[in-house]
Amino acid sequence: MDFLTLVQVLDSTVRLSTPLLLACLAGLFSERAGIFDIGLEGKMLIAAFFSAAVAALTGNVWLGLLSGIASSLVLAGLHGLASITFRGNQLISGVAINFLAAGITVLIAQDWFQQGGRTPSLIGGGRFAPVELPFAIGASEAEAAGRPLSQLLAEASPLQQVYSELISGHSILVYLSFLAVPLTAWVLFGTRFGLRLRAVGENPAAVDTAGISVVGLRFAAVGICGVLCGIAGAYLATALQAGFVKEMTAGRGFIALAALIFAKWRPWHALSACLLFGLLQALALRFQSINIAGVSVPVQLMEALPYILTVVILAGFVGKAVPPKAGGEPYVKER
Amino acid sequence: DPAVIFDLGGKFDKSFNEAAYNGAKRWADETGGTFREIELQSEAQREQALRRFAEAGSNPVITMGFGMADPLSSVAPDYPDTKFVAIDVNWLDGENLRQVSFAEHEGSYLVGMMAAMASKSDTVGFIGGMDIPLIRHFACGYAQGAKAVNPDITVVANMTGTTPAAWNDPVKGSELTKAQISQGADVVYAAAGGTGVGVLQTAADEGILSIGVDSNQNHLHPGKVLTSMLKRVDVAVYEAMKAGTDLETGKFTMGLAEEGVGYALDDNNAPLVSADMKAAVDAAREQIIKGELNVASYYADNSCPALSF
Amino acid sequence: MTAPAIELKGISKAFGPVQANKDISISVQPGTIHGIIGENGAGKSTLMSILYGFYKADRGEIWINGNKTEIPDSQAAIAAGIGMVFQHFKLVENFTVLENVILGAEDGGLLRPSLAKARKALKALAAEYELNVDPDARIDEIGVGMQQRVEILKALYRQADILILDEPTGVLTPSEADQLFRILDRLRSEGKTILLITHKMREIMEYTDTVSVMRRGQMTATVKTKDSSPEELAELMVGRKVLLRVDKVPAQPGAPILEIEGLRVVDDAGVERVKGIDLTVRAGEILGIAGVAGNGQSELMEVLGGMTVGTGSVRLHGNPLPLSGLGADGRSRRAAHIGHVPEDRQSEGLIMDFHAWENVAFGYHRSPEYQKGLLMDNAAVRADTEAKMAKFDVRPPDPWLAAKNFSGGNQQKIVVAREIERNPDLLLIGQPTRGVDIGAIEFIHKQIVALRDQGKAILLVSVELEEILSLSDRVAVMFDGQIMGERPADQTDEKALGLMMAGVAGEAA
Amino acid sequence: MEKMPKWADVVLIPLISLLLAAALSALVILGIGEDPIEAVKTMITGALGSTYGWGYTLYYATNFLFTGLAVSVAYHAGLFNIGGEGQAMLGGLGVALICLFIPWPHWSIALIVAAIAAGLFGAAWAAIPAYLQAKRGSHVVITTIMFNFIAFSVLNYMLVNVLKPQGAMDPATARFPEAIHLPSLHEILLPLGINFSKSAPANVSLLVAIAACFVVWLLIWRTWLGHEIRAFGKSESGARYAGMSPLKITMIAMLISGALCGMMAINNVMGEAERLVLNSTEGAGFIGIAVALMGRNHPFGVFLAALLFGFLYQGGAELALWSSIPRELIVVIQALVILFTGALDNMVRMPLEKLFIAVRKEKA
């Protein structure tokens, strides 16, 4: 693999990690507050649909993004209602939400667009365009030179290649998702809200007796989770792709969950885990089979690797993954 | 009434199934007739759909894609009075079967020529859907066409996957397109069903040309799609419906001569297709029809003279 | 007379069908320590939780310092100057002391300034009340005594004038308890009001100014401590004259049944809970083990009952009992004729959702007499259950009732009947009468003595000194995982045992 | 004192939840501009109006019986097996290997061996999550989710690279030999003078599934092992006190659960498709969750719930065929059933409990 190819694989890694990262941070907020969420997938999916649908109807991607977030928030609210208000089983609620999203998106898409559960392709302002950073070689330079962009890049210096391919030219949501990592770390460990949120995931009774509303905190966490999942879904449909197709999340919500466990519920580790899983995806997408030391690794193994790694982590062979103590348990005062 | 069973990609895949849908719709519009239809959601549904339509008296029952071959082989004998049309299948036995296949390599040859003529980088790409002989058949014709124009041209070929999901994975289509662009390709041909949507989209975004497949996809990105390799599934479906119960059974191959395959030229891509290009392609078409030019078929010995997989 | 610091009027609270508090009224003067006693389940904790806003009363009023105050949540209680140390601490285990102290009492949205301010305040409080703790230690790294200090500091940091302590000494060593009471004394002298829930008559008599007695959700009396006596309070508590004497003839100890040498138990967290114990229990005697809760008695019973693993040597009838690996489980112990009444009947001795008859088979469910071919002979189990229920006067005698729907005393009778009726050679019995009413206590004690008189060995663990003294033939005291000393029951008294329980070696006592 | 009579818990609450789910589903249908009454009619005639419809309804019900029982056995042990999908996929692989590579003289022998193989493969797929749960405390829900994905990759690899016949296009095995064709309900009922539809896929596996119901019922409520499984599921500390091995019970319960999921393959792979295709499970592993929840984890309840979902599935397929309502409607209904009977259980329960307590107070 030459250097430029490597840069391009990493570039693709960044693109593919972004939805994982957003969903992973979403899960982090929820689970740190003691609400397990296997419904990340469903929230992403519904957001992908509504963002694409509204962007297609209005031609405005920002309206699409808002609708995606709103729809994801509705499902998050449902999860909150089931698992916080009615103290239901959080896992079952998550399963239900995934099914609900899988069904309702196609149902509505078919009703609105009659395109077999798709939205129309997004054009122009209906999509998040790549952001060209200053001094990067991009489409405009190629046009000016009258030569293909790939040639210009191939001739550029390695530094310029990294800058133009890897760093520049992503959609605004990519940069946003990477910024979300330090922001999450700061919120969790530097603010009052974060302290309380972590506390409610460890011992809700301590929070309750300190005079803080457990229900309020948990709903806030679930809400943040909804917003982040909403952005993740919108990214899929309006930035990575140009429209919604059914089941387009394709298990990314579960990979994000796996990354969350892999990261042991810590923001910076979540970034590394998502980049790793994104890299695996990028490799699996780009190469049908990969030769490592003369052994050809089937692509199926590449695809399964995030899940296998997560099981290994869960098994505690690489340090134990201890979830927030109160996670998964509804807070019940009265037996 | 006739019935159509669309394959997993769904009838609005802008490609293979949509072509069938257009054919059926044309028949319905012209005759005022009605037809039944279903879009398959899973493998397991294939047989149920076949039986349900046959039991309900639909005739003929038109099926899309090679995936229906196996269910057809077990269902068709149970309903001897029903005629079944199998598109993209030509290896079954059965009295009541009409098997229609296409000479995709011939059409692909033509668009391969156009790709080579349009390429400035002397590199063209091919992105297939599921890695099966049928798609290799496409790729092989394409590579032969490209090499006929420019023997030194590089043809980069990738397949999206090995399962039916490969027909519907625009994200992967998009990533593969980016990879091919980085390898220098400036024209990519997508023979990948719904995945092709991602290929064409990315090609348009990145400022290179693309080639659509099955249906005329030129309109998806006007001025960015060089042409589309037409596979006249719509004609096959339309004719089957028009013949109705009098449908002739047997095996049929639709090639350039039968206008079963071809390339698309319309307002959307007219500025991209130069007169030279058109002349060269049309000449090759004539030669193929007359038998003066032989495009090697991948099926002949499961290998391709112009491309290795 | 000043306005009472706390006045509750007609407080009622029901949990579903259970009426935990019924029309309770009480008034507490400022600058006093007010004790509250009552049997298990009498409703003490519920009442205090209502005062602290943790539960909401169904009816009733709360007056603080002469003002009617609504306390819908703990925030309101804190604002009214109330602090509470719960029976089960409410601390975040993987937070530091400092973080626990500021939780809910932060200034502003950012943590850093809050922490700095709390650090200073904590230093001042520590100096003022001798409440030293390391502000940067994590809760799961400090002992329970320290954790309790953190709870008190939390209340003081929030400037509480009224401090509620729910059974604060249950988990403390006597010296830690003494320290606590010194702190409470100091707080009282500064005019703070303290509500103290405890089961220990000594603490009531020594430290409180006034005391209230609760029974079955109702307040039966409030008296000045110095005008009352332990006997009177006990009678108020259970509703009739208490007679805690067990009729028994002197023991006739025979051959050793259980011999323990160098027994050690390490818990899941890696802490050594039993640190090399030697004990012998003979046929026809009851060996009582006294000690403050948490000194390794539970682990001792668990390892003997096959619930946890240990090292060392344990012999039954001279044959070694495996302490880990194969044969170190409850089933093998039962097969070796060891009966075990666990300390916690609700989470161990019974499956609360099972019918009574299933619970009678529980643990013996693989006995041949309960099997019929490949299946269980449920009819036989039910017949057996009816017999046992009749003999032990379990009420209601309905084998189909779920265990959770029996009262505590009747639940215990089911467990005791199951274990004693099999005539074990050795009976392990933990806290046999915890939360059990007087009538049932007498009955259970009689059964234990009868088993002894059949020449069986009994190992009894109880935190109730009275029970230990009246039931045992010999008493051993456990402290910090070790045996501090052994005494014949008729040659010792509560005072001597109490010293050993505080860690003063047997010889000195 | 119970807060509520048992019948309210077992019958009333699921019924109300189901009604709520149905009402919401009707709203959804209205929302996409269709007529719910017409839809219900189509579903009922399509699923129950002919022996053909019954044949499909019972075929799907058979799948759900296996997975529903599987989920409920694990549930009794306090384990939430969400990996039924993967276990069923592996079961399919087991069946395919048995049917393809060994020539069987008669279907009955093949069925027995295939069922055993399917059970073993499914159990094996549940074994690692079970072991990790018991030994290392890794949450079985997460590991079984991961194992679903891994199973898909395994199956994908096997079908594409190993089992696909030479020259075939789709990733599927060859057809199983005619000799091991399982008798369909048509063939079974014909001697009894009942002319059941010939083309519906319900087959002898249905009887196996019903037998499995009975065996599971015996196991859970009539054997000491069932006693241990239920005790462990209610209280782990209690089980430890009684000398039950948490490792052993976790393993056994999950192995039984995995085996039941795996055994589904005799129905969908051996009985229906007669070859192994990708995604042959069609989500039955997940539906097992809904079936077990609806059926209150009792085999008889599971039986009724499996029938209900069989009806929904077949009715949904008919809807997709004869109306413009997409089949995804069924996914939505399924989601709503899981939501109301599972996650929002308390929404129905809490007010009901209050009602019963109030009524009781009134009487007293």
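Residue numbering begins at 1 within each chain, and the chains themselves are lettered A, B, C and D in the order written.
Everything that follows uses one rule, which is that a residue touches a chain if its C-beta (ideal position, glycine included) is under 8 Å from a C-beta of that chain, and two chains touch if they have at least 3 such contacts.
All figures in this text were calculated on a predicted structure; none of them were measured in a lab.
K.L.:
For the pairs A-D and A-C, output the one whose chains share more C-beta pairs in contact.
P.N.:
A-D
K.L.:
Mind checking the centre-to-centre distance between chain A and chain D? Centres are C-alpha means, answer in whole Å.
P.N.:
The answer is 31 Å.
K.L.:
Compute the distance, rounded to whole Å, between the mean C-alpha positions of chain B and chain C.
P.N.:
It comes to 77 Å between the two C-alpha centres.
K.L.:
With centres defined as the mean C-alpha position, give me the chain A-chain C separation in Å.
P.N.:
48
K.L.:
Taking each chain's centre as the mean position of its Cα atoms, how many Å separate chain B from chain D?
P.N.:
39
K.L.:
Multi-chain contacts in chain B: which residues touch at least two other chains?
P.N.:
39, 162
K.L.:
Check each residue of chain A and list the ones that touch at least two other chains.
P.N.:
If we look for residues of chain A contacting two or more partner chains, we find 117.
K.L.:
On chain D, where are the residues touching two or more other chains?
P.N.:
Only 156, 160 qualify.
K.L.:
Strictly by the criterion at the top, what is the full list of touching chain pairs?
P.N.:
Once each pair is checked, the touching ones are A-B, A-C, A-D, B-D, C-D.
K.L.:
Which stretch or stretches of chain B touch chain D in the complex?
P.N.:
36, 38-39, 41-45, 47-49, 51-53, 55, 66-67, 69-70, 74-75, 78, 130, 132-134, 162-164, 302
K.L.:
Considering the complex alone, what residue numbers of chain A touch chain C?
P.N.:
189-196, 198-199, 202-203, 205-213, 325, 333-335
K.L.:
Quick one: which bits of chain B touch chain A in the complex? Just the residue numbers, please.
P.N.:
10-13, 39, 120-121, 131, 158-159, 161-162, 168-172, 174-176, 178-179, 181-184, 186, 194, 197-198, 201, 206-208, 220
K.L.:
Across the complex, what residues on chain C touch chain D?
P.N.:
On the chain C side, the touching residues are 16-18, 305-307, 329-334, 340, 342, 344, 347-354, 358, 361-363, 365-366, 370-371, 374-376, 378, 402, 405.
K.L.:
Quick one: which bits of chain A touch chain B in the complex? Just the residue numbers, please.
P.N.:
Interface residues on chain A, with respect to chain B: 4-5, 8, 11-12, 15-16, 114-118, 121, 139, 142-143, 148-151, 153, 236, 240-243, 245, 248, 250, 282, 285-286, 288, 299.
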